[in-house]
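See the structures that follow.
Same chain, two partners: chain A is paired with chain B first, then with chain C.
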Partner chain A sequence: MKTWIVFCATVSLIGMATVGQPSAAVAVDATEIVQKSQAVFFEAGQDLKARIKMTLTTRDGQQRLRELTMLRNNYPAGEQKYFLYFHSPADVSGTTFMVYKYPNREDDRWLFIPALNLVQRVAARDSRSSFVGSDFSYEDVSGRDIEADTHRVVRTEALGSRQTVVIESVPTREADYAKKLSWIDQTTFLPLKDEYYDIQGALYKIFTADEIRDVQGWPTATRRTMTNVKTGHKTEVVYETVVYNVGLGDDIFTERALRRPPEKWLR
Partner chain B sequence: MRSVFLGVVLLSVGVGMVPLPVQAEELRIHGFLQANYDMRVTGQHPPGPEGGDFLFGEERFQLRLDKSGEKGRLFIRTDFFHDAIANRPDLEVREAYVDTSVGVSDIRVGRQLLIWGVGDYLFINDVFAKDWGAFFSGRPVEYLRVPQDALKLDLGTRTVSAEIVAMPFFQADKLPPRNRFLQFDPFSGVPRSTQQPALEFQNTELAARVYGTTWGFDTALYLYRGFLRMPALQANQPSVPTLVTETFPRLAVYGASTRGNALGGVVSLEVGYYDSLSDQAGHNPAIPNSSFRYLAGYQQQPWEDFTVGLQYYGEQMFHYDAYRATLPSGFPSQDQHRQLMTLRLTQLFWNQTLRVGLFAFYSPTDQDYYLIPEIRYSISDNLWVSATGNIFGGRRPTTFFGQLDANDNLAMTVRYEF
Partner chain C sequence: MNESAQAVPWLTRLSVERPGWVIAGTLAITLLFLTQFPRVQTDTDPKNMLPVTSTVRVSNDEVERWFALHKDVMVLGIVNDEGIFTQETLERIARITHTILKIPGVVVRDVTSLTTTDNVLAEDGQLVVRPAVAEIPRTPAAMVALKQTLLSNPLFVDRLLSKDGTTTAIYVPLEGGANATVIADRIKEVLAKEEGRERYYLAGDPVARDTFGVQMFYQMAILSPIAGLVMFVVLWWMFRSLTLVLAVMGVAMVSIIWSTGLLIGLGYPIHIMSSMSPIFLMAIATDSIHIFNEFGFRLREVRDKREAVLDTIAAVGGPVLYSDLATAIGFVALVTVAIVPVKIFGLLVGFGTLIILLMSFTLVPALLMLLNEERLLQETRSTDAAPSAWLSHLGEFSVRHPKSIGLAGCVLLVMAGVGLSRIEANNNLVHWFKPESDIRTADRVMNARLGGTATAYLVIQGSTEDVMKTPAMLHDIEGLQRELEKDPRVGKTFSVVDYVKRINRVLHQDDSAYDRIPDSVTEIAQDLFLFGMAAKPSDLDNVVDYPFQKANIFLQLKSWDAGVMADLLRRAEVYLRAHPLTGGATLRPAGIAYFNLVWNDEVLWGMLRSFLAGLVLVLILVIIQLRSLLWGILAFLPLFCTIAVIYGVVGLVGKDFDMPVAVLSTLSLGMAIDFAIHFVNRFRHHYAIEPDLEKALRWTVVRPGRGIVQNAVLFAVAFSVMVFASLTPYITVGVFIIGIMLLSAVLTLVGLPALIMIFHTRLPLSSEEMTR
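So, the complex of A and B:
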């Protein structure tokens, strides 16, 4: 059965792939598609520097803003390091946050609170923890292990003007969803939409990539929204600036830099 | 001399052009307006005009100036406030420092907050000054820290780093003021004087920390050479004292800590040897004996936005026989192995805008406790309100928390940040 679906998907992918887009035709397997999707969405470039604006909006329209700089570096074997610096709101201005991300094991996380001059280790489960009160979880920000779900191709369909392949992911490890459907662009492999379903099978969270720009050759989702259908709360993330391959050194991802953020990378 | 030192830093910052290698590239201005009141709910009062139902009350304005450039940074955090209990305005420079780099090392000079160690409200290698009065009266947690004038050097490689701190001006811990807190006094009614370490070069306190992260564990070694920050009470005559002097005996601390992911959460361990340099044999009852201190902590998130933290702490006194033999009769004696447990529960609601928490201390050896329930709501990005309780109790009125039994209080804080 599974083989048959993969075969169908392969046929339709090959059928839709136009000349000059060989990458789509190569992706024959759901896991491989998810892998490619994660690679373009979370791992583009050797490193990344982005200025991000996050708007949290409640059902009744009340808004909160978070502005931050994100620095990210890729390492061999799928490891990544993230350094986040918060510019606003005022009470968290100067707060820094660092993540060492490992495939298939718990990440290391550090938080520096400037008012206390204190570095803390953060115990948080990726899948279940909201990132700074937003509708995004830690996993939504830095990616989930491919092996933590089983993936299958459900169908291919057009989403707006883009041709997508729809993938269903069912967790085999701890997750805050029982099922996820992802609409993955057949050309760029960016996820254009994700739907999260709870254990009762009800839709509760929707992700959309609202604006995609070409940044130094990497298709980049520069505006994205996560909406909690149940609470009506939503979070919009805008990449105001984003640059790849800026040459981040490993010395940025240290406790010393956490306490004393590297000015030149934050502006 | 201290004010001269600070004055130089302030003047340099104010003028913005004196010998500071900072290019004026960005000036950030932040701060807050805050009202903070704390009421004792037991109906008991210490004598005197400040010993009423209000333990604490103030209106505070904080201004933070932060000027950064490629070569360095200037930072000043100044609080202007009105003490509503004593009815007087005042000013407090919380931080005022210059950061710069020389080669591979960073230097921070000026008034700064210093924090080390892995304990949560338990301090072993964190030998820096604290304000226990602020803590016990439910003030925002940053006021537990007393800033110190210091020179700090940061150096190291990617794998191992070190911090070396020199503190030329001694700063004692701030204990709950006797005119506002009801507490145990072994020398009740006897006049007191304070004898701080003299301002001499040889009295400069030195602290060092060497740290790095291996296999995901943040590991550190610590060294400190200076003075005990809690006053040791020396009576002029043991039988009928007519004067008690608060002294600060010499102290060295050697310690280590580690912290990392394990057992589905974050595990932390810390140890320290407190070497009582002024009385290593333990014969002087007024000077605390040398001791070995340890703590083990575990923090976990069982479900979304809920965190549990547990700690176990112990203090093993050396030369206990000498301590018991020299302790004046009638004085409460300390256990040889004092132990303390803590529990922290935190639940966040409504996209982390509402926080409900509890921190609890319990000592099975002193048989006393201290509970800190707290609720805090962020009305907007700029405005938050909080209510914090401080509940003390114990079997005896002479233990650390037990003596504060009559001071149960409730604090309210409103802060507008800009």
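So, the complex of A and C:
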């Protein structure tokens, strides 16, 4: 039965590959589907520049707004560098954050605190912790190692108008979830929905890709929400502008740039 | 006989003519009410004494929402006298924490233990965020380093870790509606599997509350039948007639079943207070003993059962009616309390009392009619002589020394007054358990070693957004915290200030000079932003709201006494008058300790007010029934003295006026007046026939007095069972009821004759005044 589903999923995915989407390719098993999905979701293009608006909403409807510019560059062997510049809230404006991301080892992170004129290395051992107080964890923003979970195809099903393959991921390394289900678009490989289950087997967090736009040929989730169903807290992320392949140089991802961020990339 | 027949209500006449019908009818109605019993629902949460819509609950809910706080948090203390910083103990803490996370009903994301809480620290020039105990050190040096690191973080000390490093706590928040007892049992199962030198203590309001709820029903289920059984034995010893005994018990059962059946039928849950109603109704039902006592005398006099029944009811009907009415009034007066479960309890017992009254005029005469006349005559004769001799001595004494008795009474009242002035209204849920019980032991140990098991919040409400990022406001909050910590019963306070100071220090290479509030708004804002990026967001949410307009000071208190919270609020008020908050910000208390304070005030003072109202109503009732102000006051005095002495003793021994004591006062009201009503009515009745003051008094002490003594003894013996309860409120109830009954019987039999002797010239005693 399971083999049959995997076979069907595989066949349908092979079928999709011929449509010519940027990242669609032959996928033979769950791990490969997740790999594809991560590639489209976290690594699209050579680089990326996005102006992001993040809205944190409590159960009561109280809100906190964070506006930031995100710059990202891809490097060989799956390495990535991120540069984040916070525009708002006003009193933290000018705070910058830089991450060197390496597959299968801890990231390097730096933070610049303008009020102290201090660049601080941050050893966040824990990539599962919240990203700037939101419902997204660092992993949700920059991806989790494929090997950190075992993946299996559960079923294929339609989600709205899209055909998806549902993948179950069970962590083999530390994680804040005990199980995750992902609905991955069979055509674009974008995750359309994730459900996170806690150690008691209860659903606690739901990710949804609410708006997907084609940006220079890359399907991009320009609006996404993470909802904590237990606390009622949610975070909405809107990519107000997003451009791929802008030609980011390596000089942006330096301590110097953290202190004096290059103006032209922040506009 | 004709005379008596006219003097009794038609219902009694019917019961005497057609006892079978009446008994069958009563049984049928009882069965009808019994059919409601399977639908019973229970509510064991004392919190529900205040409705969900009450101001304090609405306010607490609001504060909990603002700061994402949990209503119910259990605390597991783990103690290793040689220090918890050993591989074995740390591994155990990690294992226990992990297992607790899996228990359904536990809020996974917010379980706080050394292995789940993040520590923010400076290490090798880096800002490090990781669980306090992320890895268990393998070398002694690393272990010492870890111990030092954790003990140097003021956010952990006294909350997660004792200063001496021997105790840690795991805070376990519960989902709404989760049953703390069930979860506590699961945790105990987990602990039972651990072998080692560690000791474990489970504390916190939900544990006490739910354990009490479970225990309460358990105790009631055991104690009520035992009390019933004891009453049965004592009654049999008094009357040697199974039918008589069954009659008293039957009256009690009928009233319990009717009133409880009605309550269940109307869809109300059985609450803590209502669960005590069976034992109360059983006590009140003993009033019918006056009927049996008088019936015994009458039967010997007239030697005709039917006539004896009618004569008895004619003689004691009035006192029975008015004493039951007084009891009912005492309970129904609870309706004036704004608290629904108290109202329901009052109405429940009030209704039950009226049923007892109805039964006294129907079921009791009907049952008496079924008695075997010959056997009864023999039986009653055999148990006659002894108590009468004893009582006649007592009567003689009272009549001979009225002035000395009056003086003694005055001295007693003065002493009671001293005690009354010392009485303190206080409800402490943990003290509802015995000192050596698990819950109290846990509470004691945790309070000695950590910051305290009781939690309160002080919410600072600023007038503008972002005010909580200003140095001025943070200094205000810090000042208030230091002020509150001067009270030795405050074991720990923490607020957004402590986080800001921590981050500030960490960002300055752990330099203790920077363990302070930064001087600029932007610095504070960026420290907080960094904290939000580094640690668990809800940690910050717990102490400051989204617009940074409100801040929350956590207080850990070492006592559940409502008085502690009241003292702290006074201290805060005085301090803030001298040091007003920036921008006219205001203070609002919340949390479970504050809830207990409000509960204390509303429930206890509400009950006290209704008790005073009941006292006045009873006084009015007695004046009306006796048609004389002076007679009313005289009859009221034994009750008044009893209550004064009982509560004087409560004050003198330093016992708190808590919920069980408050409930008792209502019962004592109804019960203690009974004796005086019987005494005065029977005395006046007899005096009208034989107008010799001393003789009539002696007769009253001996004859109706016998009923009074029997009633008091029966009552006291039945309630002595409660002394063996494992919950202190029941012990209190037991001891005090025994005290109230014996004291009011003695005060009635000794005090009233003395008072009548002293005031007889001013009392309306002539036969024309007395006849109706």
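Before moving on, here are some points about what is shown:
The rule is simple: the second predicted complex is superposed on the first by the 241 of 267 C-alpha atoms of A that agree within 3 Å, B and C clash if a C-alpha of one lies under 4 Å from a C-alpha of the other, contacts with A are read in each partner's own complex, and residues count from 1 in each chain.
Heads up, the rule we're going with is that contacts are C-beta pairs under 8 Å (C-beta built on N, C-alpha and C of every residue); 3 or more make two chains touch, one makes a residue touch a chain.
Treat the numbers as computed from the prediction; the structure is a model and nothing was measured.
For the composite obtained by superposing both complexes on chain A, the positions of chain B and chain C are in clash.
Of the two partner chains placed by the overlay, only chain C lies in contact with A:L111; chain B stays clear of it. Contacts of A:R267 after superposition: chain B is touched, whereas chain C is not reached. Of the two partner chains, neither chain B nor chain C is touched by A:R213. When both complexes are overlaid on chain A, the residue A:D198 reaches chain C alone and has no touch with chain B.
In the superposition on chain A, A:D60 makes contact with chain C only, while chain B stays out of contact range.
By the document's definition of touching, of the two partners only chain C reaches A:T95; chain B does not. Of the two partner chains placed by the overlay, neither chain B nor chain C lies in contact with A:R173. After superposition on chain A, the chain B segment that clashes with chain C is 115-123; the remaining candidates among 115-123, 169-177, 241-249 or 277-285 show no clashing C-alpha atoms. Overlap of the chain B and chain C contact sets on chain A: residues 56, 58, 62, 64, 89, 91, 115-116, 118, 121-125, 129-130, 132-134, 233.
Per the touch definition, chain A reaches chain B in the complex via residues 56, 58, 62, 64-65, 88-91, 93-94, 100, 106, 108, 110, 115-118, 121-125, 128-130, 132-135, 176, 233, 250-251, 254-256, 260, 263-264, 267.
On the chain B side of its complex with chain A, the touching residues are 26, 28, 30, 32, 66, 68-70, 73, 99, 106, 112-115, 141-142, 145, 154, 156, 158, 161, 211, 213, 216, 218, 259-261, 264-266, 268, 299-301, 303-305, 307, 348, 351-353, 380-382, 384, 415, 417-418. Residues 56, 58-60, 62-64, 86, 89, 91-92, 95, 97, 111, 113-116, 118, 120-126, 129-134, 198-200, 202, 204, 230-231, 233 of chain A touch chain C in their complex. Residue ranges of chain C in contact with chain A, taken from their complex: 65-66, 68, 101-104, 106-109, 118, 123, 125-131, 134, 466, 469, 507, 518, 520-523, 525-526, 529-530, 532-538, 540-541, 545-547.
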